[in-house]
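Alright, structures below, take your time with them.
In what comes next, chain A is part of two complexes: it sits with chain B in the first one and with chain C in the second one.
Up next is the complex of A and B:
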């Protein structure tokens, strides 16, 4: 589990999956709620601003190329302050992993299997999650590499099959409500895809770097954002802004619209595979970050003893994190962005400032 | 050894979960509903569903059995979902909603407002949005769903196929699915229309198997013209020409037949091949105007008069006539919507909003008044391309 190595290509794929992650399912609804017809402009704006944020996270990791976030915290802030800082991040990783498990559970019980208890689905997911963590990061990365072509194929099929249903008029008027709603909408394109790249602070040291690493990272983040924007755009073009904003899972409603020649239809469950792939890999990486971070913080020799206890933790938290879907959505819309920004923007900036300050001081003392 | 035991345990654990879905339902436990009808009785809803009897429609079987291919279940309850569940007291299987083809709403319910009955259909996970919605004109949804139909064994399928075919080949009908209807009801500056369905003949005789044993059934289901809504409420019907005009403006025409009178008696019928309409809103010095641009291509399909159609001037003349007729149809339709119903079924308000959202934010409050006096400018380009397999009709050469 420890000391795994991942190639640059694998890193790029994981970055892309994290960026697309749960946003493919929920972003269209959140963005269209604010920006209406202009949701796709929000998407583009989000890609630009989000890639900058991703660059910031990447820059922070380059300050300590061989240390994970937890190790960096220790050297930078010392044992106690660093430990507290790392604990905060561990809490963040834990809650995110649980929230995303819940998201898959909610999606499946809402759309596909309404009478199945949520916990039955969570149990399956957690078992799979533990299996992935038991196998280690290299296996996880290789599995992502294997599933990625399917992800791309299904994604492209989704977009192409919907082309006949497009009505360009739905995009008009452009910027009819001014700029503010667009900015508000773009927050959700920045937060859930990009701010949650924080998890890579635990993964970057494992990447076997080559001369394309920087370029591939930025390319993957931008591509992921463009994929989300494409989904938002197609939602608006096919469903219209009202239906997009009022569906819990507009992308699923979108897949239901596919009907080609009277025989290629009812493929939505098939397409649900792609967002389950992306959300689940995001969940795995968060759970991985939590486990490795925990063992690094407390200098555990064997990480695997954490598997069982954290399985119970994820299972319990995923269920306890919200009493119902209304609470979850309310929380996700109103408070989660701030929670994400704290860990992706505020704390990294603080760390960077402390780092620069320390270096200057050291340079003086020498 | 320990590892092997662990793997074995894991495999056993997986076996536990691979038995199938938690709430799986086998085909033989489902009652697949193809048609749904809703009427209102007092303050309760009467739900009638047409469920297919799978044994009766199986392809291998000869069609001479005495059993009806579909069964109807009915229930009355304060809410639709309750009605669905009430049905289990007389249906041996649970009603399954994923395969609905048509949703029929009784006219009296439609006049009260259809908004309250549609929520279930958009909320329930079983439902899709690819079926058509129709209004049972002058009758109840229940009686429409009771008529047995020839050719298509399942009446709900027949309605779906009829509307599907005729919306492609005949101008006055249009197919409406649930999501389109909901979008139009919630969009400012736009009101929906729905196609109506009527029972022609003797409804009572149509309910029995004998109906489809005759060459000409005693009762048939026929699509009627369009129902005009204002918000969720049905307020009236368009006639055939007005329905045609509506569909021209809404760019719903794929193909249709159009008749033009000849100058010296008789008529020429054109087959429309392609038609494209663009509706643009413009606000010029605070005055909203709508520009409707139509571009149509047609062939001559039938000639019943003495007209030299091999003369290019005649074609020009016919094109002009057809153009004038198209404009007349649209004008009639708009006029009815403006004066009789005052309901913006064309989405002209939307067109204004799309071109000038600033103006719309103030105009939307009194759009009803503005709509009734809205200036609409038409521009039609009509092209006759071919004359079929013959030139001039033999009609003019008949000795006589």
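Up next is the complex of A and C:
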């Protein structure tokens, strides 16, 4: 787990994967629940607002370009206050990593393999997670680079193969329910894809910058949002708003609809590779942020000693985080956005104000 | 025993005793110009007797000191005089280090001892029975050079030099192996090869301290970056053209005496999918064939596990009529798909191993038994289904599409892990396995260069010769990661 370097290209791919993350699987249903036929407008609105939020997170990281969030907190708030703030973020990273492990587990056990115990899936995932973290961030970035073309190919296959099933009428009436539901729906496009980019505050210092870094970051976030909007749109076009809103995993239901020439059918298990790639990489980055953050907070010389204990932590927490999928969904819809906004919007704004205040004070004293 | 002082006798006995009175140490005693007692020592069978006779013994016997300008040479420069004016062989050296001399004696030198001299002359007259340059047995091609390396490293180096006539083709030799004293040579083009890789090769070779090196595989295991990995990170080939092409890309070759397999580093993942024929055939067909090799790699790795996953967990993926066929075939089969596949794969591996090891004459018997047992009897007996036979066959054939044998070995091992994952977690298990595999591949490196480059890290400029091969006029630069010193392969034609 040496502190490797990642290129701008690799950063862009990781950003894109994090933005798409679990949203590709759950966002259509959450958005359609509020915005109905206009879910795609919520998507577009979400992309615009979300990119602004991503810009805010990016701006925060540029205040101290060579410090991770934990180091930044320490210089800004001092040892104790900074430590408390960093611990809060570590808790956030830990819970997010565990929740996303649970999300994959729930998806597999409810949709693909109902007879396999949840913990068996978690075990496999946590072993893989540790295998990835043990290899280091450079390897993680390279793996993302290697898997990304497959991600794109499968994604495009999903969209193209569904083209024959599209019925434009399903979009009507446009704006039939007014503007508020659209705004409400767009929250879910802002929160899960964009607010959770907070994890990059631990990763930005590793990026070998070039003159395209700013542009590529914003481009990747926007593209990710557009991909999610495309999925929402195709869900509405193929499934209609009612079914989209009432499926837990509408994208998976979409993949079931694919039928080519009467022999290529029910390939959804293959297409699940799309979201398993994106969710898993999001999980890895959160777990990585937790581990490096922890070792930076306590000045550990070797991060590897944390691997085994955190594996147990992830495994246990992924199971304990919610008693069942109903509870998890309820929690995800109602409370998780607030939790995310706290760490992506409120705390960064506070940090930025403290930074400005301190700079002003320093300017005065000099 | 012949003439000579006691001191001369002792000197000869020193050599004789060092070799344990071995009878294949031949000692030929003589008197040069009827005055100076001398002895020639050589190992029977290691020297070329004809040239020893023509260029060493005959001139020594016929020389008369009075014919030379000096009347009677002073004792000191007699050795120099012999080297300069009498002996006819090419490589010789005056030396007094008896340990060194014994090493030379054992590698095909004759040693000339003179009375009252501590120093001796060693004369290289090596001549060993060796194989001719023949067609390559492992990496055969339809179009391309048909010569392969032999066991003699000198011949091998000459074969490479014949292809690259450049003064910058440099050679560094050393002997590795405390007992075997095997000659290991590093070969590189100094104007192209990366100094970083070169220094790494030198350092890693220097670290080897073992009693014997009998094959380049020994060296390979010592110098690879990671010891525990199923994937080869050092390329090997018995084709001079492949090695020459590697040298031109800026890679470093390691020639080990006694084996036709020459090593090439760094060896990246993509190198194991390239054949020298790719560059001889037209670029369109080479590109397609190269893509087919990657496909074959995937089939060899995943075919049995996909069969297991689909028949056990995801039957809905099969078209109904095929599913009914499959089900009726599997009706009488007592095993789950995993056991069925495992049985067949292991049987195949056993047959394959037997086919390689057994004497040629019994080969036919085994292949008949194999075909009948696997092909027909096992299906008729209801032990396995017919589809399984197809799966095993396509897997077996696909694993031999890779131009390099090292990569098909990795595939053969990993296949079983994927079968296990598929049996317990279906397609999700295979997916997790693929993730793990790619993490491992991306974590590997060969002499400091990421194993999966130029795919990850992605280098756009090197894509011209990775999955595809563009036509030669488009291959303007050498691979970027291996080589930073001398990028240009050809001058751009306007």
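Everything that follows uses one rule, which is that the second predicted complex is superposed on the first by the 365 of 366 C-alpha atoms of A that agree within 3 Å, B and C clash if a C-alpha of one lies under 4 Å from a C-alpha of the other, contacts with A are read in each partner's own complex, and residues count from 1 in each chain.
Just so we're on the same page, contacts are C-beta pairs under 8 Å (C-beta built on N, C-alpha and C of every residue); 3 or more make two chains touch, one makes a residue touch a chain.
Keep in mind it's a predicted model, so treat the numbers as computed, not measured.
In the superposition on chain A, A:10 makes contact with chain C only, while chain B stays out of contact range. Using the contact criterion defined above for the overlaid structures, shared-chain residue A:116 touches chain B and also reaches chain C. Once the two complexes are laid over each other on the shared chain, residue contacts for A:280 go to chain C alone; chain B is not touched.
When the two complexes are overlaid on their common chain A, residue A:124 makes contact with chain B and with chain C alike.
In the superposition on chain A, contact is made by A:142 with chain C only, not with chain B.
After overlaying the two complexes on the shared chain, residue contacts for A:243 are found with chain B alone; chain C is out of touch. Taking chain B and chain C in turn and counting the residues of chain A each one touches, the greater count comes from C.
Judged by the touch definition given at the top, the superposed model places A:270 against chain C, while chain B stays out of reach. With both structures placed on the common chain, the touch criterion links A:330 to neither chain B nor chain C.
Taken together, the two complexes place residues 112-113, 116, 120, 124, 131, 265-266 of chain A in contact with chain B and also with chain C.
Contacts from chain B toward chain A in the complex involve residues 10, 13, 17, 21-23, 125, 128-130, 179, 182-183, 186-187, 353-357.
Those residues of chain C that touch chain A in the shared complex are 313-314, 316-317, 319, 425-429, 431-432, 435-436, 438-443, 450, 452, 455-458.
Those residues of chain A that touch chain B in the shared complex are 110-117, 120, 124, 127, 131, 169, 172-173, 176-177, 239-240, 242-243, 253, 256-257, 259, 265-266. Every residue of chain A that touches chain C in the complex is listed here, in rising order: 7, 9-10, 108, 112-113, 116, 120-121, 124-125, 128, 131-132, 135-136, 139-140, 142-143, 145-147, 262-263, 265-267, 269-270, 272-273, 276, 280.
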